[in-house]
Each structure stands twice: as structure tokens, then as C-alpha cells.
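Chains: A, B, C, D, E, F, G and H, in written order; residue numbering restarts at 1 for each.
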Amino acid sequence: MQVQLNGEPHEFTTVPPTLANLIASLGFTGKRIAVERNGDIVPKSQYQVTQLNEHDRLEVIVAVGGG
Amino acid sequence: MQVQLNGEPHEFTTVPPTLANLIASLGFTGKRIAVERNGDIVPKSQYQVTQLNEHDRLEVIVAVGGG
Amino acid sequence: MQVQLNGEPHEFTTVPPTLANLIASLGFTGKRIAVERNGDIVPKSQYQVTQLNEHDRLEVIVAVGGG
Amino acid sequence: MQVQLNGEPHEFTTVPPTLANLIASLGFTGKRIAVERNGDIVPKSQYQVTQLNEHDRLEVIVAVGGG
Amino acid sequence: MVKDKAAEDRLVIAGREYRSRLLVGTGKYRDYDETRRAVEASGAEIVTVAIRRLDLKAGEHQQLLDILPPDRYTLLPNTAGCYSAEEAVRTLRLARELLDDHTLVKLEVLGDSQTLFPNMPETLKAAETLVKEGFQVMVYCSDDPIQAKMLEDIGCIAIMPLASLIGSGMGILNPWNLRLILDQSKVPVLVDAGVGTASDATLSMELGCAGVLMNTAIAKADNPVLMAEAMKWGVIAGRQAYLAGRMPRRYYDAQPSSPTQGISPLL
Amino acid sequence: MVKDKAAEDRLVIAGREYRSRLLVGTGKYRDYDETRRAVEASGAEIVTVAIRRLDLKAGEHQQLLDILPPDRYTLLPNTAGCYSAEEAVRTLRLARELLDDHTLVKLEVLGDSQTLFPNMPETLKAAETLVKEGFQVMVYCSDDPIQAKMLEDIGCIAIMPLASLIGSGMGILNPWNLRLILDQSKVPVLVDAGVGTASDATLSMELGCAGVLMNTAIAKADNPVLMAEAMKWGVIAGRQAYLAGRMPRRYYDAQPSSPTQGISPLL
Amino acid sequence: MVKDKAAEDRLVIAGREYRSRLLVGTGKYRDYDETRRAVEASGAEIVTVAIRRLDLKAGEHQQLLDILPPDRYTLLPNTAGCYSAEEAVRTLRLARELLDDHTLVKLEVLGDSQTLFPNMPETLKAAETLVKEGFQVMVYCSDDPIQAKMLEDIGCIAIMPLASLIGSGMGILNPWNLRLILDQSKVPVLVDAGVGTASDATLSMELGCAGVLMNTAIAKADNPVLMAEAMKWGVIAGRQAYLAGRMPRRYYDAQPSSPTQGISPLL
Amino acid sequence: MVKDKAAEDRLVIAGREYRSRLLVGTGKYRDYDETRRAVEASGAEIVTVAIRRLDLKAGEHQQLLDILPPDRYTLLPNTAGCYSAEEAVRTLRLARELLDDHTLVKLEVLGDSQTLFPNMPETLKAAETLVKEGFQVMVYCSDDPIQAKMLEDIGCIAIMPLASLIGSGMGILNPWNLRLILDQSKVPVLVDAGVGTASDATLSMELGCAGVLMNTAIAKADNPVLMAEAMKWGVIAGRQAYLAGRMPRRYYDAQPSSPTQGISPLL
């Protein structure tokens, strides 16, 4: 399945294709991130139950140094 | 007839009760003024034909020193 | 015996009329002062042996608050 | 005859060897200059009668642009 | 010759050329005679006037406009005293009627009566309406370069940031923000408000401003007529210095003004 | 009428009256033609010149003095380049001879070649000698009010503190010290050195200076002739503003320039 | 005793007390270790972070939040890089989710990428939305007192005007406008942006600011960790001086620090 | 590690190391208790005292020296109130006797009682005599770099130019002249006189001064003890900022503190 991840095409094969599994595949389980799916924020509590669909646009957001 | 002139009650008896006559009674015929009647600007060309009514609110405006 | 002390006449009767005795009479023995006699500094070590004369001009100097 | 002119050796053959003649040879007769000879100012009125000697140190001075 | 360029230098406002880059207000003078003499001494060609209710109790006065012949001065009606876009727009519509379809105006919408600092949101709103209605808007504004750009994009024909608060005489408090506005603007930028003395005007022009608008600095000088003339020369001095291109600042090693060669050593 | 007082305002130096309060140097120009045009444009009536050895290798040049007709300009020979009282005194004795017993001079004794800051002890020494020898000494000095007073007490006829280093164009770095000198002096105080642009000149005059002397700011502008004219107006502007008496600075509560009465409320 | 009042002096933000009045950013450091050491040296308790896309190509990095233990630091997510209200609101909603319903945020909406000057209309719009959504908004803004008041009226909990442009290090360009904002505000006013060195921070606090927020001045010093400590002391110095109440400025007649009585005349 | 260098940073005066770079005077306090508490709070290790006639009418007072234990403070007797080299030399000879052959002194010779500006010719003369007599002279002087150099050449061990007039609290009026003195001096340069608040001290240190000497700014604050502490931190802040090396000033194009990469566009 292909999704749009942070503006780039991203191939993703884990099943089931939940957001939690995608995050795990990125190595970010439990890390402090926020996720937007097709323009809507997905609460952390929903990662397990959020099924991704082909062409979903995902933004994974972190805190970085800034002033 | 009483009108509201620049926020004050103003008694006015000339006939016909045109705006031109009111202005004349104030000694401002031909002077550089602007007039607002009930919130609308009355063009100079209409002074002669503008009949005033009891309780009309009139503003007579001039240029003064300012920065 | 009268001396000029810090610009004022000062009567002084102790004998012998040494500088040390004058200082003692002022209550300043052992205090941090400096003394000028007729324009010359008298070292502390000389207070005992310095005989004062009538009309000597003495300046007794201390440290005070200053910036 | 050689003189020191403005710090440089200067050969000078006119006779008589007056200061006036030296100035003439430089093309500065009547121009606004001042002259120092061996450290002393020579007034303009003395140029004609001032005989130069071998090794005289002469400074010819002008006004130039300055702030 | 380069100097001729300065001789032909003109301020262009709404398509009209002006020799003078000093614009003056007409408020706060002792009387209209002093006003007239000061305006004359200033050499100004554009003169601001305020729009107010006729004072009915005051009797037959001389009118301000009588001392400002329209063939000599371009009048610039302002919206001083307006605290909202609505009031300002109404005032200038009245001014347009008053001055026979005159459309060149100075917009100012104030934020509060203590500082007379501009209310920028209302200023932007009023500017939008006025430009749509065909006014040529010279706009008093803060020294915020972003909002200055918005005003220019709306179509204002001159941007007029305050140097400091109206009537304060504090001079240019933030030349850096003025600089930003000057760098970005394609319409004339004039300093409006805050000038206190001639050097403030000179400095404004040296920064590259197209002109300076002032009132209190002249009217409240001990000798207004003389100060008006001082301002005339101050603006010209600053403009010429700007055009002449100042020497670089260089702290030191200092540069002698007289030649270092040819110094005669002590004999 | 008050303005007439300004019209009759004159700078008095050594008993002679001058209309212009701008004094200019003649160094650092491209050529004597530029020098002449800039000096003319400045309106200056007192012009400084340096005293140097005739350059024998240079051939038959135009002389500086040829472009400065003595009936038009008062020459002010200086001691630029002198680092001791002895050199300065010698230079001015030569100048006196050169200019046919001319006694009005500008004394400057420099401290080092990097800053051209005055050497005040040597300046005091030279001033003493020169005054005794009958010179009328206008003296370049630091902005130290105590030593300025010493120079006045010696008999110098004008005190000329630096605004900032010679040739730096940094403007007035310490107006407060200038203020002290102005408050105490009974002879004219002129700013000498440091002016970079017209507003520096205006500001100097507004502080109450009797005049301004400059060279580099004009000669090293991109367009010296135009800058010379800018300086002329800048000095006049500052002088008139000083005479006119500026409005008081008042941060806020700001004072509206337009009347607060008679504002027509929205109907 | 009066000094104790200073000892108990606290900055209160969103109901929480802080000892430190220095807020620091975390951008522009060489690496996270330098970031950590500088933040520690600064003594800051409130630390800004930016919100960005995870960089997928960068591999397994240390995360910024790992070096900022939440029990030690209050995080202040910002909207740096946002040029519209919409982007800023979205960014802070993400931050709220990211930081587990954290609502204390720094709003900044920029006007353009060259100046990073705030876009005030968009800032006002975003503030309105964010306050309605329950955010506690500390807002970066221009030094316009009228719009600062609007932001306060909307419900922002801290007003944070720029001293000068972000990253410029120019210090406080217009202390007078800051003064106006300080005089009128009932919420804390912090200087945000423009500080370049410790004295800028000290001065900000002396003006009466509740705190100072900075980033570049520390991160881009030659020695960021030492500069961070300098800023800590600079802010404390300024705050204490403000609380201590400075001596009046009095130019002269100067006041001797040593007694004028009791001076022994030369004998 | 670079920070350690700052930790080992010491002021060296007459061969002795001091941790504190703040020197304080002891005049103008309400009483000796306040003096003691303020001096303590300031962290100063060098403390100036004045030399005066014992007041015979005053009865048995506490002596100033009783509150300044010599093992804790280095005393710095001054010549405040002296208007000639002769008086100053005499005063310091008395101080030497008074303090048991103490030779570290502060020389100041004043020009007049209204400004307390230094009399530089007399200062130079006194310095010459004192150095010959074995004194270690820290010298209060004007900000004239040439005469500062003369004082250094005479053998003064510290150059202490005024920032502004004694007791004026006007801060640093001419940082440029200070800069010249700092650039040329091989002995410590301390700002003496004129500091009004903590930021003045911070700024002095950032310029590169070795220390700051003050009195009125502390003693005449509303809360002298708290201001003394503010000055302690202000001096430290300025010193550390100087050592840390400030970021470059760059007006714009401004530099964002947050990364410009990785900004998530609106979807």
C-alpha cells in the first residue's frame, strides 16, 4: 500500500495497515510525535484503531530546536 | 420649524424651508462647506431643491486648521 | 598651650605636650589617623617624641566614605 | 652653488646668488610663498638683499588644500 | 552635470509635481494670520486641513480656506480625530464634497486619545473603502513594514509612517523600521508626525524619505514663522545630502583632511 | 518682528561679521576646480588652507590661492599635520609671512596619526605662544570643558571641539560635553571635525554652536558640490531652529495637531 | 526588609511561578549537546521548541525532547515559520497533541521571510481562534501599543513585542514603544527577538519587562554556553535594578560622591 | 573547555588578583550600616575611601575603616575634592601614612565643582609626582585617548575614564572614545563615574573594560543594597558576554531561529 508520508510517497506493507503499525515501522512507537491524516489530527489513543487507506496523506510531526 | 443642527436644536422660519435658505440664514451662502442631512451628504447642486423637514438632523461641515 | 587643630584654635594642657598626648586627649590613640604638623606629615612612630609648640598647625586626618 | 631646498640638494648658478634670484629660477616670483632660511623666516621685503651661502637650508612654503 | 539632477528633483504625488518636499499642517497656531505666515515661510505646497462641524456660536469668522488660495496650495484634508474606519470614511466623503470633488486625502485612524498612535486594522479597512471610492489616499501609519506593504498593495499612493507620536517632538525613534519601509516601497514614503526640530526633518530626508509632514514642530516653536523657514531648509538639506551620497562612516584609522606629504620637518 | 532678528544674525570672528556659519576646508578634492565649485556652493566665507613645502617636482601648477580670491574669502591657515607645539607655531609663523601678516589662524596639534585626536597639552602650549605673538587663534580641541576653558582663558578667539574624529564622518558622539562647553564659553564655539552629513551640521547648530567647520563630509561625498550646498542649508536650518526655539519634547500624553472639539459624531 | 521582596520575586505565566525570567529557544545550536548545556547554563525554566515534520531520511536521531526533561522545563511550542493564521493554528493544534494536551504556546505569524517581522492582522486572527480553543497564548508581536492592547483584550496571557528583528542582534530599537506597552498592559510583557548581548537583556528588564525570550544571541555567540550564563546574570541584574529603583539622571550640576565638607586646605 | 577560561578570569591590579571587577565607593549612604551592607552585596573587593579632616565636633563616631576589614577589602584612598596636583599629592601622602604605607591609590583632580570633570593637566602633573614617589596610581581621567596614553606612559597602573560626569547617572556618553582607549592600553581600563544603572555596567564590561568603579548609582538607588547586588550581576554578565563573543549584528535579511526546512504545508 502506498501512502503520502510527509510529502513523499511511502510504500508500506505491514498488516493490518494501522497507523500504529506504520509508526512502529518507522521506529517511533512511544516517541513524542503527532500525526495528521488527510488534514485531521489523529489522537494518540486512536493509532491502534486507525486503518490507513491507499493514498492517505500523512504528516508525522516532531518537536525540533527552534526559537 | 425645528431641525437638529450640528447636534443642537435650531429654530428656522424662512420659507420655503430649503437647505439653501437655511445656509443663507447662517450667512454661509457660497462659502466652502459640506452638508449632511440625516446621515447623507447633500451635494451643493441640490441645496436649492432640498426641502427640510421637521427634526431633520443636519451637519454643516467646514475645513479648519489641523495637522 | 594653644595649637591650630584642623583649622580651629584648640586649647591643650596635658604635659608633656607631645603629639601622642594630644591624640590621646582626643580619644584617638590607636585609631587610623594621619597627622600633619606645620605642613609636614608626622609618622606614627614619632607621635611619642613629637613635642608640640605654641601655634603649631595640626591636621588630623581620617578616612571617610567617598567615591 | 648647492643649497638644501625643501630637503633635497639643489644646484643653483645664478649670480648674484640672492634669494630673489633663486625664487625667480623656480618661477615663483610674485607668487604667494614663504621662505625659511636656516630655520629663520625671511620676510618678502628681504628676498632681494638676502645672499645665499653654500649649504644653506631653504624651505619654500605654499598654501595647499587642507581642512 | 550631476547637480542639475538635484535641480530637477521633484516630489510626485497623485501625478502632480511639487518642488517642496515639506508638507505642513494648519493646526495649533495662535491665529490664521500666524498660520498663513508660517505656511508661506515653510515653502510648503501641500497643506493639511481638518474637517469639523461649523461652530455656529462663533459668529462670522475668517475661514481657513480664505488664507490658503487653491491655486497656490494643494489641500490635503485629513481625518484627525477619527477612531474608526467608519468615521474616517465619512469625514473624507464630506471633505470631497466640501472641496468640490477633491480626492487627494490624508487618512489617519487613531488608536487612542493619549498616544494618537494609529489603529492599523481600522486604517487598513478605511484605506480599502476609500481606494475603491476613488480617493487618492496618503496614509498615516505605524512603522510596521508588513502593514505598510498591505497599505501599498491596497492602492494607497503614499505611505506616511510616524517618526514618533503626534505632537511629541521626539524625532525618529526607529530609523531601522523606516529603512525597511523605504527599501520595499514603490510609492513615496513620507515621515508624518514626531518631528520636533529641523535636524529631525533633515535626518528623515537623508534616510531617503520622499518628504516630511509636520505641524506641531512649527506651530509650537517659540517663533513659528522662523521655525517654518528652518524646516524648509532642513528638508532641502536632507534631500540634497541624500542625493549627494554621504561619505562613508569610518571610525578610525582616521583620515587626515590635509595632505600628509610635504610636511616640512623642524630644521 | 522676531524674524528680522534672524535676518541680522551674524557670526563674528576677530571683529569681522560673516553671514555664513559654515567654514570649509579645501583638502581631499579631486582637483582645484572641484574645490572651487564646492567652496562656492557651500556659501562659506572662511576657508581653511594647509601650509606645505612647495612641491618642486610638480612643475608649474595652479596655486590654491588663485582659486580663493582674498576679497571673497577669509583664509584660515591651519596646522594640520603638526604633532607638537613647536611645529604648529612654526607653521603659523610661516603662514603669517605667506599671507602678508595674516593673523587669523586655526591651531591644531595632533596626538597621533591614527586618530588625529588633538594633543591637548601641546595645544595649550602652542596657544599660549601664538596669542602672545599676536595671532588670533581658533583652536581645534577635544570636548573637554575644562581644557576648553583654559584655551579661552589663554585668549583663543574661538573654541572648536571635535564632534568625532577628523575624517570619520561619525557625527556628534557626545553632545553633552559640547553642551558644557557651550554653556561656559564667552567666545564662539564651532564644531570642527566629525561631521558626516547635513543633519550632523543641523544638529550642531541646534545645540547652539556658532558655526561648523568641515572638509571630508563635502569632499568625499559622491557629489561634493551638491553636498556642499546641502551643508549650507543644513547649517542655516539648524541656526534658524536654534533661534526659533524648538517645541518641548513630550513623549505622551500626545497632543493632537487637529482640534478635538467640533468632531461630528457618526449619525 | 526590602531585599526580601526581590528574593520572592517571581514570573507568573499561566498561573505557574517561575524563578527565572529568561526564556530561551533551542534553535541554531551545533548539536543537541550544546543545546542542553546552553539551556542549563541559562537557568531558563521555559524553553521554546519548533514543530516540524519528522525528517524520515535522517535515521534514528536523538530527539530534542529527550534533552529537555518535562519535570524541569516548561515547553513552549512556537509557530516559527508560519505566515498565516491558518498555518499557525494548525501547528499549535499539532503541538497540543504532540505534547499531550499542552496548551501553553507561543504564537508567531511572520510577515515575510526577509525580515520575519510579525504579520499583525494574521496574528490577531490566530490569537482569537487559539484563545477560543483553550490555548494559553504568549504572542510575538510588533511594538504597536494599539495592537498589543487588542491582543491582550482577546485574551493572550503574555505580550511579547520584538526589540528588533528576529536574529538581528540589534537590541532594543524603540524603547519608547515598549514603554507604552508596558504602561498599559495588565499581563506580562516580555521582549522577544532582537537581543544581541547581555546588556540588551539587562536594559529590557530595567524598562520593566517581565522577562526576555531569546535564541540567536546565545546560540550564535562564539561561546554559547558562556553567553547563556551571561544572559542569566544580565536578566537578573536588570530585574534587580528595576526593583531597586535607579538613581535619577541629572546631567549637571554634578553631585560629588565624596563629601565636600572637611577638605583640608593646603597649609 | 572554553567555559573554564571564564571561571579563571581575574582582574589583576598592582600584582594582586581579584575575582570581582566591580569597585565601589563608600560615599552618600544613609549611614555606615547601609554602607557595609551595600558593599557586601556588591561583592566588591576594592573599595574607595575619601581622606578628610577628623570632625572634632562630631564626638566619638564609628570609623569607616571599622566596617571595612582590611583582610577582606583592598582600600583605595582617593583624592576626591582636590582641584590641583599639589592638593592631590598631599592627600595621598597623608593616605599612605594613614593606611600604614599603603601605596595603591585613586588619583582624581577635578576641574570645577559644577561638573567634577577632571583637570587633565593637573592630573598629569600629580601622576608624575606620585609615580616617582612609589605610589601605584589608578587614575580618573577624561576619555581623551592621547592623554590616557600619557598617563599610562607616566606609569599609572590603571586608566579610569569617566563614562559621564560624576554623580550624573548618565551612562556611557561616548563609547567610541572608550574604545580608542581600550584598543591602545596595556594596563587595565576601568570605567569610573557616570554609571546610573546595571545595564550601564554591563555595557561597560562588554566594551572590554577590565572593571567598573561606581558609587552614586548604588548609594542613591531607592534600595541601595538591592542595587549593589544588581551591579554585581551586571558586571559579571557584561564580562561573560565579552568573553563569550557576541553574535554579529545584522540588520536584515533576518535569520530565523527555527529551521526553515521541514515546514509542513497546509494540506
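The working rule: a contact is a pair of C-beta atoms (placed from the backbone, for glycine too) under 8 Å apart; a residue touches a chain by one contact, two chains touch by 3 or more.
Keep in mind the model is a prediction, meaning the values are calculated, not measured.
**Q** Chains in contact with chain A and with chain F: which ones?
**A** Looking at chain F and chain A together, the chains touching each of them are G, H.
**Q** If you apply the touch rule, which chains end up adjacent to both chain C and chain H?
**A** G
**Q** Once you count every C-beta pair in contact for both, which comes out on top, F-G or B-F?
**A** Higher contact count goes to B-F.
**Q** From the centre of chain G, which chain's CA centre is farthest?
**A** D
**Q** Using the average of all C-alpha atoms in each chain as its centre, how far is it in Å between chain B and chain D?
**A** 93
**Q** Find the geometric centre of each of chain D and chain E from their Cα atoms only, then give the gap between the two centres in Å, rounded to an integer.
**A** Here the centre of chain E sits 62 Å away from the centre of chain D.
**Q** Quick check: how many Å separate the C-alpha centres of chain E and chain H?
**A** Comparing mean C-alpha positions, chain H is 46 Å from chain E.
**Q** When the centre of a chain is set as the mean of its C-alpha atoms, what distance in Å lies between chain D and chain G?
**A** Chain centroid spacing, chain D to chain G, equals 74 Å.
**Q** Using the touch definition from the top, which residues of chain E touch two or more other chains?
**A** Expected reply: 25, 27-28, 50, 52-53, 78, 80, 115, 117, 166, 170, 176, 180, 215-216, 219, 251-252, 257-259, 262, 264.
**Q** For chain B, jot down the residues that touch at least 2 other chains.
**A** Within chain B, residues 6-7, 36, 59, 61, 64-67 contact more than one other chain.
**Q** By the touch definition up top, name every chain pair that qualifies.
**A** Contact pairs between chains: A-G, A-H, B-E, B-F, C-G, C-H, D-E, D-F, E-F, E-G, E-H, F-G, F-H, G-H.
**Q** Can you name the residues of chain C that touch chain G in the complex?
**A** That would be residues 6-7, 36, 38-39, 57, 59, 61, 64-67 of chain C.
**Q** In the complex of these two chains, what residues of chain E are touching chain F?
**A** Going through chain E, the ones touching chain F are 2-3, 6, 25, 27-28, 41, 50, 52-53, 55, 78, 80-82, 86-87, 90-91, 113-117, 165-170, 196-199, 201-203, 206, 215-217, 219-227, 229-234, 236-241, 243-264, 266.
**Q** In the complex of these two chains, what residues of chain D are touching chain F?
**A** By the definition above, chain D touches chain F via 5-8, 10, 26-28, 31-36, 41, 43-44, 59-67.
**Q** Under the stated contact criterion, what part of chain F meets chain G in this complex?
**A** Those in contact with chain G are residues 176, 179-180, 251-252.
**Q** For the complex, which residues does chain H have touching chain A?
**A** 257-259, 262, 264-265, 267
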